[in-house]
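Chain IDs A, B, C and D follow the sequence of writing; residue 1 opens each chain.
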Amino acid sequence: MTASHAAPLPADIATLADYERHAAAHIDPATWAHIAQGTTHANRAAFGRWGLLPRPLAPIAQGSTARVLLGQRHDTPLLLAPVAYHRLVHPAGEIATAQAAAAMGATLVASTLSSVTLEDIAAATRAAAQELGLPVPPQWFQLYCQPDPDQTLALVRRAEDAGYGVLVVTVDAAIKRADFALPPGIVAANLVDPAVAAPAPHRAEAQAGPLVFGSALARQAPTWDTIAQLRQATSLPLVVKGLLHPDDARAAREAGAEGIVVSNHAGRVLDGVAPALPCLPAVRAAVGPNYPVLFDGGVRSGADALKAMALGADAVMVGLPQLHALAVGGVAGVAHMLHILRTEFALAMAQCGCTDAGRIGPGLVMPMIGG
Amino acid sequence: MTASHAAPLPADIATLADYERHAAAHIDPATWAHIAQGTTHANRAAFGRWGLLPRPLAPIAQGSTARVLLGQRHDTPLLLAPVAYHRLVHPAGEIATAQAAAAMGATLVASTLSSVTLEDIAAATRAAAQELGLPVPPQWFQLYCQPDPDQTLALVRRAEDAGYGVLVVTVDAAIKRADFALPPGIVAANLVDPAVAAPAPHRAEAQAGPLVFGSALARQAPTWDTIAQLRQATSLPLVVKGLLHPDDARAAREAGAEGIVVSNHAGRVLDGVAPALPCLPAVRAAVGPNYPVLFDGGVRSGADALKAMALGADAVMVGLPQLHALAVGGVAGVAHMLHILRTEFALAMAQCGCTDAGRIGPGLVMPMIGG
Amino acid sequence: MTASHAAPLPADIATLADYERHAAAHIDPATWAHIAQGTTHANRAAFGRWGLLPRPLAPIAQGSTARVLLGQRHDTPLLLAPVAYHRLVHPAGEIATAQAAAAMGATLVASTLSSVTLEDIAAATRAAAQELGLPVPPQWFQLYCQPDPDQTLALVRRAEDAGYGVLVVTVDAAIKRADFALPPGIVAANLVDPAVAAPAPHRAEAQAGPLVFGSALARQAPTWDTIAQLRQATSLPLVVKGLLHPDDARAAREAGAEGIVVSNHAGRVLDGVAPALPCLPAVRAAVGPNYPVLFDGGVRSGADALKAMALGADAVMVGLPQLHALAVGGVAGVAHMLHILRTEFALAMAQCGCTDAGRIGPGLVMPMIGG
Amino acid sequence: MTASHAAPLPADIATLADYERHAAAHIDPATWAHIAQGTTHANRAAFGRWGLLPRPLAPIAQGSTARVLLGQRHDTPLLLAPVAYHRLVHPAGEIATAQAAAAMGATLVASTLSSVTLEDIAAATRAAAQELGLPVPPQWFQLYCQPDPDQTLALVRRAEDAGYGVLVVTVDAAIKRADFALPPGIVAANLVDPAVAAPAPHRAEAQAGPLVFGSALARQAPTWDTIAQLRQATSLPLVVKGLLHPDDARAAREAGAEGIVVSNHAGRVLDGVAPALPCLPAVRAAVGPNYPVLFDGGVRSGADALKAMALGADAVMVGLPQLHALAVGGVAGVAHMLHILRTEFALAMAQCGCTDAGRIGPGLVMPMIGG
């Protein structure tokens, strides 16, 4: 693992919010605007509606943040969410993120829309762990179903061959329109036509054509059948990402998926969408205590992660903070960000008297009146 | 249909809010102040109290935004609300709005207080549709009851003769005081005395005279009898616009009206008025599932429209965004605004797993605690 | 009635808030700071938690804002609350306010702490009404119990002799500390020692002496016995002003008071006090439908007044707007302010389908979720 | 008692907020930043969700703010919370605070992390009371359990020998990481190694080592056994400070503690922690009416104190205002701050009709909808 930059990290970074604050100066303005958009305000505000209840004198000498998910042990229930095109903010792109994740024992969920190939990401993860004498963390691959099912299957085979152990199928962005032009030199490295994110069609053109229903976009959108077919096509565990409704959580289980990720795609796909966090209790109630439910939706601290788990999640994903930390500090930045997050999480667990990440439950939080 | 201006639309417009932002620079300050006033804040804030619940894997290959209202098919359940005096913001006035609506297959509800005649609006609608080879969208006329019932009937006859298929009787502005002086050259083109919107009486004079009750204003205000008489006077379907209370919704049905529009007149008529959106569920419950209920009250996106329909509306109207888009881009602006709105609406429907605009219901939204 | 100033009113005043905005430029800064202080924010915010429900087609040709209170007819249920020292903002002081109130048929509740004598206020009221050929509106006097009961009784006798018909006993400011020094020339004209509002004691001195309980202030504070004694001492109806708790409302009735004013003294007396408006329903429930309950607490529009009455009040008082309008426009300002208020009130009544101020009830308002 | 400064207090200080406003100019910026940090916003906001209900005509001629806590009489139920290192803001440090507290008859809870020794604080308290001819107020000592139990016991013995009558064991900061470097000359005067607050470890180093569980920090954290052992080791009453959960309140009683302090350590220890005030009712319900419960969490006025007591506390502590007042005015500042607070408290009691601080209950407050 080669340090991808030499500059020291800024001295005043103590939280993930500090990375976000610094990141604006390290990222091209157009890219920054694209990253910063999205109505995540409702996602973030939802965390303020629950308060953690510390239990100061509980015995905490021994304990563990580890969590088994889909048969694999995770040092912490904190995963790096799939985020597209890391090279937008750092030349080493997902390679640097993967090295940092391996160094911290965390799982990077590699995106279909990565700017380096999924094979290179997997290899970089293993090499970094080996160089540091650490076990390789579980490797997960995020799958966007492609317009051509053969291309989807080809991605699945490549992921299997590259050693990924879990497939995360993102289902909530199927009919989002492209709205961001990749700068020169950044490509969707995994795809047949890597320039997938073309500029948006000219407005005048946009006025022609069918109105969503009947369009190619809608015809190609994955359905529950797609999930069932994928379930048949691979022996890897499948996790469906992008559900909020308890009926969909139940349907995922019935379609054979091994787990789900409650997520509203950072509020970027559907204007006016419900925040993700308050959806957790009903989802957990729908699938029962033992079905794997992950959460993705505005987590920015260990306390946020603990609240999401208290409300029903088995683990959480963090998305944009990866790019913030990568832009600011490359490998060291992402590693430090993960360290902050997992330390905050362990401290919050300990302060709430939890010594086992598998036993986090609703008693840890208090709903806030008028919060 | 002649393009009413040559300048291209601003490149950075992607939402109705963008049109509002741009519009200030295209509209005379006094007119802008008049348009922008009104306590619409509560109307807008109400939308934040419900979140949409997407259903990502529902089958959406086929579907339709179309909706039958009062026996007429609408491509989308999105109508242009009656708005007075379009020539305040663009020389072509309602002619341009009508051409854009026809091009987009949308219904313009022509206002009694239009700045071109209702006959010219109807003709422009048909001509534009014919030029584009499109069906003529349903044509609706909004009626303000006049002090003299014969004048009211005359307007009804003119609307019938001009080919309008629905009469929308606005009942919630009867005792609003005039507070805006029309600039030179803008008139109420449909009325006998077109300079209807005279300056407000001088303050000193205002202190004399009866206090609302017993005034000419109050004596001339329409009542349920007025609706019943109108119901007898024309064979056109009647829609009563401006109701919030479930008892009034029921009364409208009993008076023979074919439908209602839940609206608080953008909050401009009664200070401290309840926001319109939260009134929908009780109104729907009062009139049952099959009585036509439209909504007008702060819709600014397809997601807003979908929320209003989830809470009980069969269709929605958008008001001020017409003027914003007309000011910024004339015919092209209004057409583009409608395109944005209907595309957002279709995308929101599809993302919520709805393939039939007739089956939108309360399961699509989640109330937000403290939202 | 002589116009007390010649300057015309500002042209841009259409609401009571406009008077407040203008007033700052007409009032001495120290006085303005004193007037503007007080935690009225909670009082004002409470109005936003209820929305009015208009009933557009109700018959409103005839109707009345009049209300009988304690056997006297009021043209509108809108009274001028007792406010101290009107001469702080205008040389004519309460004389001007009284003339404007008489011209508008409104009752001024003359304050014990008026800057002209109660006799002069009463005479000015009658003279103004006579000059205008109008009936004299009901005249009310507000009583602060004095340290010496004989002085209190002397005030009662003077009020009786001057023709006042109702005594409003303010009971919620008994142990407020003086915190404002009257400027030269302004006195408490009704009191034996007119320089009642002396500067606050020096801070160092304040540290000595008993802590409220046992102090002269606490020993002299009126109690329910004081009310019962007052009840015996005069034949005038007694209204107790400054109650929020339903038990106190009941106690007032039992002590023989003819009515109460729900008020928190604009939040100026007790830090952290509950807002007044939400206290109304419980108070009304405690005393039943027929006991006179007035309201004072942040009313700034006719809609506010209507909400307070829908929640249980029989009438409302407006306080500070008197000073704002008096400072800006003298007699004409106060008259105009009253005209705005009563017109807004009548319009709001009419729009809500009320034609009788005696039949305003809870069906007029909708509680606002998260409002 | 020697005046520790000669400058007069600023003339415009009337509330504790005024002291905070002035303090910034009197405190070293790094220290100010350290003091001002912490998420106390939620603690403060919670007070806005309850409103006090005054009872104006209740008899208040006689009454008392006094409260017996753990067998000792306190003039008011208002204590100075343990706050570390007073010399950070004033050269006389805790000596000045103790003199002011003695002059006002208030209890200073001396901190383990005081910048002068606990013996000197106790002596200064007694000397000041003697010089003024006042009784010595109850003396309390706050204990942080030390890594070495013998050191903890040594602190207990010193507190006993110095005459402290109550031990307050703070249990909610055990695993907070050091994050503030003491400036030269300021030390933890009570500790064996007085430079206890060393700079935070370098970030790179921080990435090594165990993740909270299994660390020295976690192994040394006090547990319920620690409380039980302390209970055996001293005859002084024990009060456990830093509980929010009703189960922990019950556990404290069962472990033999004589009382508790509901506190979230100003929100500085656990990100996302519940505000302290709303935890009071459940805690009081858990321990019954007679178990001593104190409150610490954002009290900044007498009204705040009264609200906390209405919600279940027997007494309250104020923390940071000590430092603000000490920085601004030394002994006189702290005394004046205490005078403001106790006067506000007595006035609020009196206005709410309470004449006995032992009978403050839930009827004094109204929950505020949407507050």
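The rule we apply is simple: contacts are C-beta pairs under 8 Å (C-beta built on N, C-alpha and C of every residue); 3 or more make two chains touch, one makes a residue touch a chain.
These figures come from a predicted structure and were not determined experimentally.
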item: Centroid-based (C-alpha) most distant chain relative to chain B; value: D
item: When chain C is superposed on chain D by its C-alpha atoms, the rotation angle in degrees, nearest 5; value: 90
item: For chain B paired with chain C, centre-to-centre distance based on mean C-alpha positions, whole Å; value: 42
item: For chain B, residues contacting two or more additional chains; value: 368-371
item: Contact graph of the chains (line, ring, star, complete, other); value: ring
item: Contacting residues of chain B [partner chain C, same complex]; value: 42, 49, 171-172, 174-175, 177, 179, 203, 206-207, 211-214, 218-219, 221-224, 226-227, 240, 242-245, 247-248, 251, 264, 269-275, 278-279, 367-371
item: Residues of chain B defined as touching chain A within the complex; value: 9, 14, 47-48, 50-65, 75-76, 301-304, 306-307, 335-336, 339, 342-344, 346-352, 355, 365-366, 368-371
